[in-house]
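Encoded as structure tokens, here's the structure I'll be asking about.
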Amino acid sequence: MTSNPLLDATGVAKNYGAVAALRNASLSVLPGEVHALMGANGAGKSTLVKILTGAISANAGRILIRGEARDIRSPAAARRAGLLPVYQEPSLIPDLDVLSNLRLTGTPVEPFRAWVRELGIPDLDIRDTARDIPLAVLRVLDLARALAVEPDVLLLDEMTAALPANLAEKVLEVVRRQGDSGRAVIFISHRFVEISALCDRATVLRDGETVGVVDIVPGVEEKIVELMLGTRIVKTHVAARSAAQKAAPAPARPRLAVRNLRVGTKLNDVSFDLADGEVAGVVALEGQGQDELFSALAGSIRPSGGTIEVDGSPAKFSHPIDAIRAGIAYVPGDRAEALAMQRSVRENIALPFSAALRNWGPINMRRERAKVVSAIERLQIDTRAQGEVQRLSGGNQQKVTIARWIAADARTILCFDPTRGIDVGTKQEIYHLVRELAGNGKSVLFYTSELEEVQRVCDRVIVIFGGRVVDIFPVEEADEPALMRAAYGLPRGAKADIGILADPQSPSSGTNP
Amino acid sequence: AGKYTIGISNTVQGNGWREEMVCAMKAQALASGEVAKLNIAHRNTDAAGQLEDIRNLISAKVDAIVVNPADPAGIKAGLEEATKAGIVVVAVDQAVTEPSAYIISNNQEQYAYLGAKWLFQQMGGKGDVFYMRGAAGASADSDRDKGFKKALAESPDVKVAQEVFTGWQQDQAKQQMLSFLATGTPINGVWTSGIDNVIVDALVESQAPLVPVVGADNAGFVGQLSSVKGLVGAAVTNPGSIGGAGVTLALQILDGKKPAQQTVLVEPQLWENATEEGKAKLKAAADPSLSPEWPVSISIPDWTTYTKEQIVACKGPGE
Amino acid sequence: MSTTAITPTPVPFGRRVKRFMADRPLIPLIILLVILVVILQILRPGIVNERWIANTIKFAIPLAILAGCQTMTMLTGGIDLSVGTVATMSAFIMATQVVNQDPAVAFLLAMMPAVLIGIVNGIGVGVFRVHPLIMTLGTSLIGTGCLQVYQRTVIASGAKIPDFLAWLGTGLTWGIPNALLLFVPLAALIVFTLARTGFGRLLYAVGDNERATRLSGVQYWQVITALYVISSVLAGITGLLYIGLIKAPSLSLAEPLVLPSVAAAVIGGTSIFGGRGGYTGTIIGALILTVLTTLLTILQMPEGARRILFGLIVLFVTAAYLRIVEER
Amino acid sequence: MSHFLRRQGWVSGLFALFVALFIITKLIQPAYGSGDFGSLARAVLPYAFAVAAQTVVVIAGGIDLSVAAMMALTSVTAASMMAGASEEYALFVVPFVLAMGFVLGAVNGMLIVVTRVPDIVVTLATLFVLQGAALLVLDAPGGGAAEWLKGLISGTVPIPGLPDSIDAWLPKALLVLIVCLCIIWIPLRRSRLGLSIYAIGSSELAAFRSGVPVKRTRIIAYALSGLFAAMGGLALTMSTGIGAPIPGPYLLASVAAVVLGGVALGGGKGGLLGPIVAVFVLRLVRTDLTLLAIDPNVTAIIEGAIMVAVVMFGAFITMRGRQ
């Protein structure tokens, strides 16, 4: 290609005190290109996006836009320069309705509406307050808002991580078309399927440094993984679960028996069992009641009907403490919901121990240290910034939320999309961990928005649609097309065209020079 | 039994002097037998808030309003409206600028002058005085300042070593006194604007020389004047019972007995413990059974008719 | 736009000092305290003597305990504006009840409103989720009203300061204030509670992210109710100590300490938004405010100018401190 | 949507409460008439401005402890400038004092932005500074006010075409209040600036990322607060004819009324109408307590209890709504 880069950043560095988030990052994006930005958790992708869009300022580095040096000091300035980000966290004002949010940013309303429809949300009321809108929809609105002003460079930070498959698919379609009109997209994702379906080139970051720029061609995944992880990990894909690891035949009495559970209007009728030593997957499109299911099992909200039995005896949870006493722990999908961000890793892991009144007294520091350290080691948490959890990267934060319950030795763990926005290396660690827990006789309920994870982790899959269980598969039958069909509420065996995700092997659109 | 409804407006709450004033009003209303009901607006507020209270009292159709003004000029409009509505208005403790209002007041300027003059005499007409004022910006404080300055002008050899505002707060005054004593600056006398017993405490605690102290006739201080060895001092009366006098005046006017002048001043007295005569007065006045923040002069001859039991019970008609 | 070499350059001395202090946030506070004392000594040579130090400590202690109440409540993102009223109530009740009652009975009576107000605050904030500012303001209004009604019933009884309280509040032993006998263990207890007990952990965690604590099984209302009761009881104890120091019960005795107690906690580095801070800083904050008050009293200038100076210094100190500590 | 309804519901509930109180007042004192309503409006005036000043910053996610001190300073400034001066001079004094409030408020905001000290601490410090400044302007209550200025809030407005019996219920003070608040609030509410104020109160990070100039908006919010406080200060001078350097009870009252009016401490939610209605309710409660000749020591208990009870009730409703 002959054209000059639209955006060219070199030598970007950013320090947070002793932690170097970025050391020497560079990124060059051509017009008409969808450019992947890849890297393990904590590699510095989000930091780079924030610097490029003026949300934080760099300690060093040079940024050229269309060959001109620009000093971007605020998101408003970035917007004027034609750079529009969708950050990893939603950035609509929670207490304003959608319309006011548009007016605030000077976004034209009609194009916005058109994009929202195009992105697969037909019935948005723009008078709704942002706070009342589900996370996945908010992400899409963020994207539509960015698209509506037709930016030169669109920066998408893990745009699809929190999206259910149907919405993710629409997003990918739209993003791919952006490249066609001469604009550029910087696309951050941990999902190789998306990268290969969408991107032309990829810049790989490792520990805050750009370690390579590669063209996306079939089979390049291996190379990217190698670049991303360096020598950190053996370069193999996760081996499928071995037969030996499989759960022993289910005992007579299930650990958890859910019967006809109902919550408000979202969850209508859900029944299933969970046995000791078993990992049961939950698959659902966005907003099919899975949030309510997990919240009810965790004691966060009260069910409006049905029963929950723990070890054969009926249980009523009116506060998470009741569930925790019954040995049921909940790892929410949103890390910000689970962590005291200004406190240390240690305090966050030990938090459940202090909850009960009888543990309000003096803490046995030695005992606590032993417990916490063993949990940290088991999950290989990077503790360089352990003084405050907010300084950890997303992946490490996620590990802390799980470590807490490993330290507390919970018998049943409810994991809600625990690998959301996590790099491949960390993902594998989490898969291993979950299997190991099951091997030790614990039970895990595992909601995931990435269908391929089902094969790797679960023994069975529960598919929910419209607040009801539509199917329960053994894992052998749960290949992605089958799951996808069930998730859309289609009967087993029906054929349907469900877009690019059904066939991840299809050739990617970007052919490179 | 009585026929009148009297409204009362006061803007400082939680201070012993004002509490005594309100109790004196109640006791006098009860003792007079002429009052059917008291309508008391008694809270911490400013002139604008007092205007609100006065107007509420007008709405309540009282026959007379006895008011301790937050400010002499600031409530003029309200008092004028009250007079127009046929309500008798009596201001106690401080003057007001509204010409139609009657005033029965302690003479604040004289209060300060009397005490300061005596103090400077005790100091032999020379030396340094610690001048502990009230709350900055309060009108009673600026009136007293006038009196103090007048006495100071008459004793040119007396110097103000330090001037502080106690805000009429005991803890602040005590801390100021202790800090000042710790500087080792010599002083020959202390003039306080009624925050007195803590000052004596501070002198005693820090084992500083007991210089003459002038305060008000609060029960605590009056007791100290007789009991603390080596303390020379004087209490200047500033009776809270002036409130009872205000009720009496209002009732007289309602009964058609208007006073000769609009303004009646109650002159302060000085009780010192330097002479035998003064000591006798102090002994007669001392009343350890009262709350130490209450002035001991709980009645004003000719103006109040209640008994000590009545004012201490602090009950108005119908309670 | 600059391109800087990424090679690690030696950290300049100024930054090193700053970082050193940022890791030990107490040091800049102590330095500031020393500077204020030195200024005082320069303005009035000889003032800084044993007696002055004892006086300063005596007045700083009640402030420091009330600031402790603020520190703990602020850690959870709250504030307790009722401490002034509670302290006043217990002081006033003690002084009036001890006239006719056994001191132990009077003590129990004096602590009763403290516990009661603490419980009401705790339930309001913890169960009904009323904003702490409003809740504690409301209970302090109610408390003041009750105290005024109570006051009228005891006008005739007079008041007395129990000898023990006077000894504790004003007495010195070998030049050291007796109040330290109460304060040192109390402060140690607060510091220990915050750092090394489950309850202390929960205060920080609740202030940081309440939802997270809930998911970890923490029952918010329990923590908050316990917190406000403890805060009120501390305030009640402060009232008793304070009446021993001032020796004159009045209906607004401890009210003037409320805003300074908030200021002391903030100057000491506790975040008003919760989750961050500690008690040692608060103690030094209280000392700084007390010395500052003396300093301003000593200065011969109009009252207005003095207040302006006080406000500016509080602002400057907090700002400078934040600058130093947040340098990371 | 539900949130919107809830907020409007709260304001209408307050309004219903006001009407109920009004009827009760009529029952207690059948002679309570338009003149008394005028008194109520005049009593409301300084509180209403104080509450408006507080509301703006609370919506922007802050709090302003210097409201009452600002009122005192602007009041003494106005009073001392007008003392002994001609009637026309006041035409200059009013804009001058308003500008002064605006600028001092902006200084508050700048200090918060520049020092990064929490707003509650900065405004606590400026509370002392402004109080001190007020004492330097006038060390005791005093000064004066132009007659026309005082006349501005007394009496009623004769509106042609309306019968006198209705005119009588339109006290000038009420109109002054409505005009002053509406001139600023309504255009603000509709502007991008107004949205920005709500935005920074709701989520500072999100606002920044949406391109809102966070610092500038915060400064403007405090400046507006200063402007409203200056109006409050002028209202004090207008009603009393003097200036008093010691602040009145407006700080705590403003915070209480803001919360009663349905504005969340923490920011981003609520409007101005609720707090203003809350002020009317609180003032009318005081009138009723006076009319009933309730023991004054008990009134403090009642006022505190009302505040706690109403807010608890609101909290209770929201809790029910959540389930």
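Just so it is clear, A, B, C and D label the chains in written order, and each chain counts residues from 1 on its own.
Going forward, contacts are C-beta pairs under 8 Å (C-beta built on N, C-alpha and C of every residue); 3 or more make two chains touch, one makes a residue touch a chain.
Model, not experiment: these values are computed from the prediction.
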Of all other chains, the one whose Cα centre sits farthest from chain A: B
Rounded Å distance between chain A and chain B, as computed from the means of their C-alpha atoms: 72
Geometric centre distance via CA averages, chain C-chain B, whole Å: 34
Computed distance of Cα centres, chain C from chain A, in Å: 44
Contacts with two or more other chains, residues of chain D listed in rising order: 134-135, 139, 245, 295, 297, 299-300
Set of chain B residues in contact with two or more other chains: 13, 136
Contacting chain pairs - touch in the sense defined above: A-C, A-D, B-C, B-D, C-D
Contacting residues of chain A [partner chain C, same complex]: 10-11, 13, 16-17, 23-24, 59-63, 69, 71, 298, 300, 319-321, 324-325, 330, 332, 336-343, 347, 350-357, 359-363, 365, 404
Chain C to chain B touching residues, read off their complex: 44, 46-47, 49, 51-52, 55, 59, 144, 148, 151-152, 154-159, 170, 242, 245-254, 256-257, 290, 293-294, 297-298, 300, 303-304
Chain C residues touching chain A - in the complex, by the definition given at the top: 1-4, 6, 19, 192, 196-199, 201-202, 204-205, 208-209, 211-219, 222, 226, 275-276, 328
Chain D-facing residues of chain A, complex: 55, 74-76, 79, 85, 87, 90-97, 100-101, 103-106, 125, 127-129, 131-132, 302
Of chain D, residues touching chain B in the complex: 29, 31-32, 36, 39, 42-43, 46, 134-135, 138-142, 150, 154, 235-236, 239-242, 244-249, 283, 286-287, 290-291, 293, 295-297, 299-300
